[in-house]
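In structure tokens below, several structures.
Both of the next two complexes hold chain A, though its partner changes from chain B to chain C.
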Partner chain A sequence: MNRFNLFSGRRKKGQVEEMVEQIPYIILTILVIFGIYALLNYATNPQIKVANVQANVFVYRTLYSPHSISQFDNNTGRVYPGIIIDEKFTSQTLDESMQYSYEKQISAKLEIYLEGSSEPVRTAYYNKEWYDKLRPVANSRFSGAGSAQILSKQVPIVYRQPGADFPAVMNFTIVIPE
Partner chain B sequence: MKGKRGQAILSSLIYTAVELAIVAMFIAAVLVKVNSSVADDTYQKRFYARDLALLTDSMMAAEGTFQLEHEIITQKPLDVDVQLKIGSIAVKDHTNDPDEISSETSFLFGTNPNIKITPSVSTQTSTNSYETKNGHVRAVVLRKQDSTIYITEPNTVAKTGDIELE
Partner chain C sequence: MKQMIKSKKGYKTIVTIFSLLFIAIAFVFFSYLFKNIGKDDVAVASQFKSIDTEYALRTFLASPSGIEPEELKVYVGDHMSNAQIAARTCTEQNTREYETLKENARIYFNKLYGDNNWRLELIYVKNSETNPEITGDSVGELDIDSALDIYESYEKFRTLTDDSELSRKRVLYALNIRGSRLGMQILPCNNDNSIVKLVLVNNLGEKEVAVITVGSA
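Right, the complex of A and B next:
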């Protein structure tokens, strides 16, 4: 009779207790299995991290593009990558030189330090809005989706102001979201 | 006493059945996942979309007329269409039916108002793909001419990733 009582709604107190006792074990099994599956999913999910290459391409594009901050000779069509023109070194020039359809794709701060100086003489931003938003996220220790990473590069340059050239270093602080 | 033992056995049986069902579902899910991971070519598509997009990004900064032949080398033939869009490179499974939805992976590059992007696509043909002892090779050629970037087919001058300067 007992085996029929279980499904007929006329369960005895002991039967119910036996069933309830098993619930934590079933939940534990489910949790462990989900954990193993999540690890397996993470291990087999192909991830290709190209942030370093992206940062390098950004730096080279900023320096080598005729439409960016380096000196460009209109007559010869030649770019002088190491010579940064003071009047071209603006956030507007940088923003116009590269446009991504996904606005968070990359953002950066560019600082020019004169030789021997610890304070930047000029600062410009590429995609300042998202640089300001993502920089605190990148500074946090969180990683994975939604986070960001900071990459720094330093390039020796000639900083050209009207009538004078100065040896300097340009510091790139690039923020790339994950 | 006999009733209590019966209750315990029934409870254990139900618990075991539930556990077995969960484990069976888990094994099935793992098999499906591993199978799809092995057969999947998503990794290759993601890799080449990124590679070609970053290459296009670099081309935006270069002056003059030139073309770059980029080779996609895979163990087995990868029949994909490589599509140059305004602001991105997309790699997707080849399909003859335009209405058919095929899985696509893409990566962005930065555009510039002074450089025109001509949307173009490269499909696999006998002239841009061949077999070697290292695997299957598929060539994709990006060309920059008159401040315009577009995808074209390889010619006999540019080979194996060489840069052709004109």
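Right, the complex of A and C next:
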């Protein structure tokens, strides 16, 4: 009986020892195969998380959209991003200014803080219904399908009330479902 | 150990152990390498630093200056923004407006980027269409050349001129670079046909996709 015929018939002691000796090599081969597969899979199928891009695009859409919360000159058709008009800063304006392909795609809370103040002077929501639903899910810090992520970004703004401009900061709290 | 090396089995065991260790280290190393490459690519696509810098400059210019319109004894509207102040500093620099503009920039950008992480170039240009006459000043401590070295066009133009402050301003006026860490705005001056070009450079972030066009000055 040769060494390649280990699994048939009766085996002698030496043959069993030889088989045991092969175990580390078998394990090593499995590890190498697994390693190569894992590396190739990682390199060729990168799962790029687009939540940051989505959040940034949302922020810029909010600030640069002509019919959103920034000042818009009807005569020139020019938007003044960063100049936030008090009367336009409502959840209704935000909801009407942007349409996503499906309702659950993104939701956000926008808060305006005047310089030196820790309490927001104004708050508005984009897609408030889903923000309220997904915020607790995002806070739970579970990941994977069905979960959600919270991302935040602060931008300096000029908060324009009738007759007065105030330097302020706008805080975006964006909830993106997985 | 010596006994193990002497025996055939022991030798094989040691080789196996070291092979496993080597494979593990190689796996960790390559994983780290691939992960880092991927992370950089994603970071470039997700940060939008060029938009952020230009937005910061535009918001600064739209911010209230702190000077009341009544103080200037001419009608300038209900609000006096930093842009309006900048437009009034083209012909004369020893004025209250000029000092206020520089001080406002210091406060605003120090808060946004931190000390020594930004620089605002003020470039005043007379007769901008033919034979432009360029003067200017700057606020902030950042070494602008180190921040702009990533731009090929800037490098190319800079090597054609000397290293003086004025030649740098000529280059910045001639170039219209839009990219990471760089924002530009041009304002018409209040009193004559001059223009003021404001160039904000910050020291945060890495190179991003840059659209470079060359002006015709």
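Here, the second predicted complex is superposed on the first by the 129 of 178 C-alpha atoms of A that agree within 3 Å, B and C clash if a C-alpha of one lies under 4 Å from a C-alpha of the other, contacts with A are read in each partner's own complex, and residues count from 1 in each chain.
Going forward, a residue touches a chain if its C-beta (ideal position, glycine included) is under 8 Å from a C-beta of that chain, and two chains touch if they have at least 3 such contacts.
Bear in mind that the values here come from a model prediction, so they are computed numbers and not experimental data.
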- Message: After the superposition on A, what does A:163 contact: first (chain B), second (chain C), both or neither?
- Response: second
- Message: I'd like to know which partner A:155 touches here: chain B for first, chain C for second, both or neither.
- Response: second
- Of the partners chain B and chain C, which touch A:42 in the superposed model: first, second, both, neither? second
- With the two structures laid over each other on chain A, which partner does A:25 touch: chain B (first), chain C (second), both, or neither? both
- Task: Based on the superposed arrangement, let me know which partner A:60 touches: chain B (first), chain C (second), both, or neither?
- Result: both
- Figure out whether A:52 sits in contact with chain B (first) or chain C (second), or with both, or with neither. second
- Residues on chain A touched by both chain B and chain C 21, 25, 46, 48, 50, 53, 60
- Touching residues (chain side chain A, partner chain B) in the complex: 2-3, 6, 12, 14-15, 18-19, 21-22, 25-26, 29-30, 33, 36-37, 40-41, 44, 46, 48, 50, 53-54, 57, 60-61, 64-68, 77-79, 96-102, 105-106
- Item | chain B residues touching chain A - in the complex, by the definition given at the top | 3-4, 6-8, 10-11, 14-15, 18-19, 22-23, 26, 29-30, 33-34, 37, 40, 42-43, 46-47, 50, 54, 57-58, 60-64, 87-88, 108-114
- Query: Within the complex, which stretch of chain A touches chain C?
  - Reply: 21, 24-25, 27-28, 31-32, 35, 38-39, 42-43, 46, 48-50, 52-53, 56, 60, 63, 80-83, 155-158, 163-167
- Message: So in the complex, the part of chain C that touches chain A is made up of which residues?
- Response: 9, 12-13, 16, 19-20, 23, 26-27, 30-31, 34-35, 38, 41-42, 45-48, 51, 55-56, 58-60, 62-64, 78-79, 81, 108, 112
